[in-house]
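Encoded as structure tokens, the structure appears first; notes follow it.
Per-chain residue numbering starts at 1, and chain names A, B and C are given in the order in which the chains are listed.
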């Protein structure tokens, strides 16, 4: 800290937070101003637990990858003790980047500028006391907290990260049958979305827009029928029957039973197993498998395990594949989304799965959503925008996200 | 309004306005600073009447086009009552854009996100009271004022637009013989000019630069000779004879007589019929026609009807074609100019007109001017720039524009 | 000055300057914030003497070139009196650029907008008193101070430039045998480096990074051995013998003897003749010549004349070629570097020199350094960056540069 950091949030952002009208979308500045973006990064992304990637991406000691978010480049490296640690990618000498690629393998972490060299636990391997006047014990790489939740790597840049133990335990337990340490990335997509990260997340938090936007998703998803029952209680018994049958099945397979409504309340994460549409064994257009069973899953149809962690992650995990999204805010009106498609480690392309079929539902749905988000961002940016009312029936999870956000920002 | 809007103009812009020296070009900050640009948009473009396009572009109910200026996307749509209305392109639900293309046709205006649907008069066609807690009467599209001046569509974003009735009446009357509802766009050009919108407009307000810059324009225009007479009163009688003869002709044809000096005083618009160079029937390099007579014009040579409306429009209307420019400020140092070439609705390319010949005078002149403007913007951006003196003879209309601008900004 | 210029340095920059810890790299904001960049331009680049180019580039009256730095475009023109003058490229009328190309020749300097015309001494050749109300004597081009140091053209934008006479005299005297008025540019390279100008200059001020980064430079340079002696005093006698022998040689040739350590103390410039590696006659990979002898140099091996002038110039001048760098800051994290390779005026490509061989050492070294600088800039930009300690042995010249910078900024 060198005295140059301005107050965050600034008075203008504080005013926008104060101007919020319950039950409506956020005031414009919170979606569009660079000051609000800086405040989001400080109060949300540099505090909370973020998804970085998967443990299986760096299986061996010396394997590492880099993830950059909120201005910080973090090296995630597996140590000789098999533990994954996170280090700021900044040499303690003149500040150079140490790892120059997105991922790699090396027995030590050596800065390319003057070859200051660090062990995989971050400690400096150079006697600096005499020539530099500072003992090497004070010049180790700066660390961030890392948590492994069933193979998902989360981290927090905060000095005192919030408690994340319940999420780690619950996600780890529910993810277990899918054995995320024995999967591989079949495909990865980088989407650059010209919209605020909250616009992208809000879009994920409701299916009110599905019927008119997502032809592919609507073929496969139980949500649309559930939403119809929300609007028309006469349809409720049929839905409840589906849920009861699915939960029975989950229990029989030894999985946690689900929360089929999957409403989020009071938390910034969820991990709910929900039914699939009747007659479907996975999220595919025809309901048939798209790959071989993954991990320790023994039968077709494990429902869909929906995992959502504010502010940057969601994953849908089926019996044969998982699809995830990692959100990286770039600026007030730009978000980078990495899409992941995971299959069993031993699944063979061309034999167990075909990429077009594996991707067809979620890549189409993702792409449709990014267009929606970009058009919403454009409209929100108009001086004529004013926060509109949420549906009390179909946008409850959006309101929950917004309430969580406001609580964090005002806190 | 959410309390986040800073004071406009800011103190720095106020200081620049106060530093103005009469008879000189503007202080640097007014041409170059983002703060001054924001102030221009607030005090000029979001208050005054701007040209959007032509009524003939949307002849039928349900036709619409979109124009974006000063941060606002406006939908101009013709209603079932044949009236053109302007709506902010922002859904009242979550703020999405409604129209995604530059122009189109639809019987209603439907938001792509959740299909909130509005009638062509902007009213919401969805009962929101129960599910959203707000009656639909409060959720219609936000409107802007629209005025049709002889086929030219002007609009004002202001809540209380300034009186524009005299301009509408005068322009409408003088434009009448050219029948702008019975023309078509023969060609449209988008010029991206790296200069402040005022630099572009000032350039249009004098012909002192013509002799050394506009070979094509000089061949055709009466201005250069008039300017010569301004410098040398001995040449005045010859000019006055041309004007007298032209005015006699205009009167005989039933047109308003002209103001050949076309000086602007006390107003932010003009619509003056001026003579052409002797022996010319239109603005062409050889003085001969470039298309068939337009609208209700009955004889070759109607002079040139010069229409200028601060801050974003000018048009030269001849007996056979019109050429117009619509200025859209993008940032302190960038302006988008759309050039329009209009001909009679029934004129046929290849028979009545050839594009190269139709464009040759104004496209050359435009392009020469943008280079001038960009080099002026570059020089003005130097710390060494200081406002220089205007010619008291040849830059009076520039001084008039600058005085109008300062009056609006200080008001 | 129109009252719109904010205080420079701003309080945030002042705080960063105050936070400096002696013996360490600079606080982050000084390398990364736009405010600090503006302060650098105001306190350093718009005050001190900057290298613009070479006198031989504009040998005849009416020859000119343009150099743009710190927001100012400057025309360097040779007058009828053979003197080189510097003028702001801003017409005193409406502020347009006058010279539109990077270099040219013209008997007068005429503005393209309204043809206001200036003589080569900057005086306006137009009677303005009557039409414009200002006498032409008040409307000459604004000048900057220019100094010719042995053929190197330096200039200062400041109203009262600091004393530069000792540098001009010393550089002029030491450069004399290389006769920079009788050379030519064999090659010129534009490097766009995504790093702060201080990062680029600091990189130039130490060879601690050479052993692990510069394979080509290490083959040729005496620095690496000298650095080794700094670390191991047992190697000092051997180095001292090389220096003594070189100085003897320089004296015999009538050159100033050198300062082989080439440490900079108390000054913002140096011009030191240093030995080459034993057995080398120039800076080439094999030690053999790369071109014919330049200027008045009579024998192979004149050592290397190292000339460094803060904040934007360095040059290595050998017996047969010189290689120079001109640094132009673009923003807090971007610097444009022009590399120059000079050879004797009469040297013929393909006969006296081959471009690949002429460039091979310095172009490789330059390119390696820009990668280093960009990675350092990236790391410094992280919130995790904190200033690290300099080597008290191998980074003394970096500390000297940083101390000079801080003195200027605080002064």
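Methods note: a residue touches a chain if its C-beta (ideal position, glycine included) is under 8 Å from a C-beta of that chain, and two chains touch if they have at least 3 such contacts.
Since we're looking at a predicted model, the values are computed, not measured.
Using the contact threshold fixed earlier, the set of chains in contact with both chain A and chain C is B.
At the interface between chain B and chain C, two copies of one sequence, fewer than half of the residue numbers in use are shared by both copies.
Its C-alpha atoms fitted onto chain B, chain A is found rotated by 120°, rounded in steps of 5.
Each chain gets one centre point, the mean of its Cα atoms, and the points for chain B and chain C are 48 Å apart. Within the complex formed with chain B, the residues of chain A that make contact are 12-13, 15-16, 18-19, 23, 25, 27-29, 33, 202, 208-209, 212-213, 372, 375-376, 378-394. The residues of chain C lying in touch with chain B in their complex are 2-4, 6, 46, 71-73, 88-98, 100, 112-115, 128, 131-134, 139, 142.
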